[in-house]
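Note that chain A is present in both complexes that follow, paired respectively with chain B and with chain C.
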Partner chain A sequence: MAEEQKEAKPKKRMTATKAAASIGPMVKEFITGTLQAKAEGKQKVAYTFIVCHHEEIFRALDVMPVWTENFAGICGAKRDAERFLQRAESLGLSRSLCTYALCGIGFDQWREELGGMPPDAPWGGQVRPDFMISSGQILCDPRSKWYQASQQFMPDVPIYNIDLPYPLFQRNQDHRDVWSYYHQYIVKQLRGLVAFIEEQTKKKMDYDRLRELVNLSDRTWNLIDETYKLRRAVPCPMGTGDAMNTMVPINFMMATQKAYDFFVDLKKELEEKIVRGEGEVENEKYRLMWGGGLPAWYALSDFNYFNSKGASFPVETTYRMVAPLHDMDLPETKDPIEHLAWRWLGYWTFWFDKARKRPGSEPDVERLINWIEEYKIDGVVMHEAFSCRTWHVGLIWQLHQLAKIYKPIPVHVIGKDGKKEKVFKELPSLILESDIIDITSYSEVDTRNKIDAFVGALESIRANRAA
Partner chain B sequence: MSLKQSGAFSTVETYYNDYGQRAKELNREGKKVIGYVCSFVPLEIITASGAIPFRVRGSIHEPITRGDTLLETIVCPYYRSCFDLSVKEKYAFLSGMVIPHGCDSMVRSFSAWSYGLPLSYFHFVNIPSVCEESSLEFFGSELNTFRKSLEKFTGKAITEENLDQAIRVHNENRDKVRALYEFRKTDPPLISGTELTMTLTAGSSLPVEESNSLFDQALTEVKGRGNSPLKKGPRILIDGACLDNIELIQLVEELGGNVVTDTICNGTRDHFPKADADGNPIDALAHRYLDKINCPKTYRSNKAGTFEGDIENRFGDIGTYAREFNVDGAILYVYKYCDPFGFEVPARKVYYQSLNVPLLHLEDIYSAGTMGQLRTRIQAFLEMIG
Partner chain C sequence: MVFVLGIDIGSAQSKGIALGGQGSLGSFECPSGGDFKLTAEKLRGELLSQSGKTENDVSRTVATGYGSKLVFFADEIKPDIVCLAKGVSSLHPTVRTVIDVGDLYTKVLRTDGNGSVHNFLLSGKCAGGSGRILQVIARVLRVRVEEMGDLSLTSQKRVDFNTGCAVFAETEAISRLSQEVKKEDLLAGLHRALAAQINSLAERIGVEPDVAMTGGGARDIGLVRAFKEIRRHDILVPTDPHMIAALGAAIMALEGIEQ
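And then the complex of A and B:
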């Protein structure tokens, strides 16, 4: 077992905003916080996953979440995941499975075997949890399998698996016809979670506190939406490279004042940059959308490489796990648990109505189309991470559907004055291939060659249009 | 491929080799044939609607071509093959298609399926990830939504009586499969694993009544054999997902093993659990498909509080079959990119150790091209346990 194998330290990615630059220490702080909480024994710590709309319940019951996907991402970003992946493989787990999970299971097995942290564990390591909250969703199989696999090595740590379905988009079915029974089920699941955590912590839920935290999250959601919409400005003041940092307060710090304050500051910073006409890149030539896929955490400096070619990323579909609540038309309720369930359904069905109106569309495609127009996008970049089906299956098909609209030939449309106009809508796309944390799947040379060729295509399209 | 069979097994071979032949005829006669993938699709509701459920199959001999232009190669290779054959219009006789939440590959490719195939009916059935009172209630509602959508498509109401009748006839089918498995208990077995898998695969392409009739003929023929046509050899259990091509099983049997039981989808997983025939039929179906189908996709909570108790709860059916069929060894056959099965490999290994059943774990890509490599490993395994 190559336990000593560590890759060279990655080059630090340059950020465009002060806010994004402040994230690293923040993450380190909450990893350290989990270790400290466990050592002091005053607060329960629990493994869990992002995008479950349960942070408010955790925080209201004073449970400290340990975001296991985050820790795997840190191992990846520090180019120190390989030794944990190899350990998972030695247990019989295939490298083709979710590498976040493999990294986590490999780490857990090693820590349990040693009775302490593996040597030189990134940022002090991942703490042994008091319990684990997994999540069977329509979203991701490994979420209900990962902790079950880890439990083999720590059988005394209980798991509660919360089921959070949402209706899949079906063209011939209005999701509102079914969502009342979805809502009832999710409410029961969330109440089950409350009961489980109450039992684990020996605390009773304070529903007034929960209501306040839900309200704080709601306000944060709307603030994030307003903040990210500022990136429509030309030049774009903040790109996807930075958003891979600012995803931290969205996904790991929701239901905290700190997350809200972070976006107050970021919004102010972006507004000031817009006034000064300051973009992510000095001379913005191309505006790209990160249209799908989790990033290669060990190669975030590729965003800087795009920037060096004059390409900025005003918008990304990845990790923007919020939507404006005022546009959701959610049923009113004073019960915070019921509201969480409605918000869950509102988020996942957010694009359904729009998609139903456009032939050939579906929610993921509809979001791409809307943002291409709103953010004045010149091209789409996606990342295909081999180990994750959740976020990476369907991307090719989405590009197929986009290509039906954004054709490589000029199209004639009726303009505002009722006259025919010749419009160029061609939108090139690029799919990068590697993995979220498995660096062995990545080639910097190949990736950058692909980026060069893609930028070449953008240039030639622009030249053709001008001709 | 020809097994030089006669009688029932000749019919089986015809349906297996020209898969969908009968469904095509029925479609020409104006019958609605509804394709499905995965054990989670409630067949009784399709049968009750007057339509014919048809299990979409892949082919390990057909290179994936068109499918790869629409779907990522990180999808389960079995499922990719099913998709590839479908978009190449191998199943053009289908009137519609039902896909359940069986795994991420199914969920995330639903749009590619529903837009990639020119079918007038498509439906997604959401399957809960946990098995408890609230999830059974939810699943019952989801089954009623499926029922309504089929009613709209077929223009025919699905009554409780229709459902009761469909449950009865599908349960009969399962009884017949169970009876076929009984013939595997002798040493050597009276029916080979190759014959059995071929029979069940052929059956999943037929209306359930015709499948019942075919199974009856197979039962009569096997019963009439008196002596086994097979030689004694290590008795093997195959553990894994869907194995709708016989080559792996045939390989084991060519090398001197006898495949006597399995946990595979088109084996015991699909065919052993029965729906309760009394009471509310939707409740009975919810219970059968969520609780009784033992798929790793469904999270089963660790009620024992110990790892040993947990694996006994999750994999107890393996132990039951291993004892019932007097198994000498097992092959855990897992497709690359299969998260639900893949994450269980370490725990399954421990479970087999607890049973004292030697295990060969194979990861494969659903392709005839890998059979050579598998041959070497299986041969070594059989020699070791034989």
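And then the complex of A and C:
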């Protein structure tokens, strides 16, 4: 078996907000909660994936979700993933597969072999599930294959797979022409999930409770949108480094009062910081967008390095897995399952209409353009994690599309007063390369050299404009 | 009288240029070795000696490159990307894309002819797309790095190199030698594979003519030719392409005084 050594403890990232600083203990608490629930046997625990819009169903049936991507991320952030990755490799799985999946599979195999948690398992370890809910969303095949692989070591643990498609963008077709077909299909998938969990838990779904939880999630979605929009302020009160913490309530705690309350507090904190003129960075010089890619969880302190150069990140596309519901125009329904399916479709088609109006645009590019303008962005940073195709295919293409709009030459536009004005819309980009949790792909020196060069380019462009 | 130094401490080679009001007063390069501080001192000493100056005569020093943070006598540290753009633009203002093949990275940058960087991309942590692979193969073939270009040009039957990975390339080179493949054919294959990898990096950011190649890799005529063949247009190689970042640093030192 592969060498099982822990790596050096990482330096802790400095957060700009108190809310972000409170996330670590919160995550630890719910990992501990899953272990406790399993030990007491009062509540079923289930492996599952984020962004499936099924949390309400879990919680209404008192099932405790175990977010396996989250646990892999924790191992990565604690620089303790390598021993689990090596285990998966020794089982014959390639390092080029999704490293979240490899880490989870390696951990599961080890835990099952021992009949208990691997030594020094991060935060007590990942609990053995009662069942697993996988999801074959359009591109991410590990989401349906991961648990099948883990089931080799836990043959008694059943899997239920939900399929959640959405219409792909077509310039010449309104997605609403076809989305009722998708809706019917997704509703069937979710009803199938309800039936499966009812069977596993021996409980009947309380649809009034489910409706309340869906309503709570909807309110949380809108609140998150309002909160994150506060980051448009100059200087920006909270950056992407913090958002990589505050993604926790968005992705792992939805449909809980705690998640809602968290954003009430964060919104208040940001409003207060704005009043005081307090930014993430003391002297904000550059406003950057995290334009794509999952972060390198073991290197979040790189955000502090950006900050030390006067660069703040007011917005990111990663993990902002909500959109304002009041802007979605979803069909009305009293059935919470039907609403969940509409919300799913509303989220994934949110940018379709705007993209259709702009020649050559696509929804992902449209989102970038809108946020570049709204958040007054000076440059785009992306991270290509080698092991994740789902989130990283197309990033370079998106930058190429942006380069057609944000050119390195001054352009003339018609201003509000009808007069022509010369504007500079150039937008440099930086692509960082490593992985989500595989630290062997990362070099701090190289990454920081790239950041230095990028800041040098930003400076150079600014000096050029001034000249 | 104005007298400035541009110091580029690379991962393999370190370079320095001394500029006065009338132009270059000296230049020097040496292996970076294991002690960047000492190397920087050595460069400064040599540049002062060539120019007939003393430490007190130096108006400003700008350092760049991998070990720039260890040039303790520098007044300012600038990223090598910025220095490259500045250096190339000073010599060839029509250049819009610079491909710098260094020991550790290959860098592609877009510039405007005035020395401003508009965008850039660096090769990753892997040595496959950088100049390091040339050194690895030179050792296997027992030829000097400086000879590789000319030798490659004599190839009559280029072999297809199947990998861009430095480690696998070494294994592949050894196995090809055991098949009695000629060194020049193997080198031509290597140059082609490296050029293809560099081109793929360049395409990611977009290539706008004129295109210049700099860095130690640009001294390898075999690599330059392979890159030209892939690009199907001319590639400009400045005189002393490996000195461009140091030149840019020296120019920025001059500009720093003027400001």
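Throughout what follows, the second predicted complex is superposed on the first by the 462 of 467 C-alpha atoms of A that agree within 3 Å, B and C clash if a C-alpha of one lies under 4 Å from a C-alpha of the other, contacts with A are read in each partner's own complex, and residues count from 1 in each chain.
Following the convention adopted for this analysis, a contact is a pair of C-beta atoms (placed from the backbone, for glycine too) under 8 Å apart; a residue touches a chain by one contact, two chains touch by 3 or more.
Since this is a predicted model, take the numbers as computed values, not measurements.
Visitor: Answer with first, second, both or neither: which of chain B and chain C does A:G33 touch in the superposed model?
Guide: neither
Visitor: If you stack the two complexes on chain A, which partner ends up touching A:L93: first (chain B), second (chain C), both, or neither?
Guide: So A:L93 only meets chain B here.
Visitor: Name the contact category of A:D446: first (chain B only), second (chain C only), both, or neither.
Guide: second
Visitor: For A:G124 in the superposed arrangement: first (chain B), second (chain C), both or neither?
Guide: neither
Visitor: Between chain B (first) and chain C (second), which, if any, makes contact with A:G24: first, second, both or neither?
Guide: Once the two structures are laid over each other on A, A:G24 reaches no partner at all.
Visitor: After superposing on the shared chain, does chain C or chain B touch more chain A residues?
Guide: B
Visitor: Could you tell me if A:G310 is touching chain B, chain C, both of them or neither one (first, second, both, neither)?
Guide: Neither partner.
Visitor: Applying the touch criterion given at the start, work out whether A:H400 contacts chain B, chain C, both or neither, answering first, second, both or neither.
Guide: both
Visitor: Please identify the positions on chain A that touch both chain B and chain C, taking each partner from its own complex.
Guide: 396, 400
Visitor: So in the complex, the part of chain A that touches chain B is made up of which residues?
Guide: These residues of chain A touch chain B: 91-94, 96-98, 101, 134, 136-138, 140-142, 144-146, 148-149, 151-152, 155-156, 158-161, 163, 165, 167-173, 177-178, 181-182, 184-185, 188-189, 192, 360, 362, 364-365, 384, 386-390, 392-398, 400-401.
Visitor: Quick check on the complex: what are the chain C residues that touch chain A?
Guide: The contact residues of chain C facing chain A are 66, 78-82, 85, 105, 110, 112, 114-122, 124-125, 204, 206.
Visitor: Which of the residues in chain A come into contact with chain C in the complex?
Guide: 396, 400, 403, 408, 426, 428-429, 431, 433-434, 441-443, 445-446, 449-450, 452-457, 459-461, 463-464
Visitor: In the complex formed with chain A, which residues of chain B make contact?
Guide: 69-72, 74-75, 101, 103-105, 107-112, 114-116, 122-124, 126, 128-130, 134-135, 137-138, 141-142, 145, 149, 296-297, 299, 301-302, 305-307, 310, 334, 336-337, 339-340, 342-347, 349-350, 361, 363
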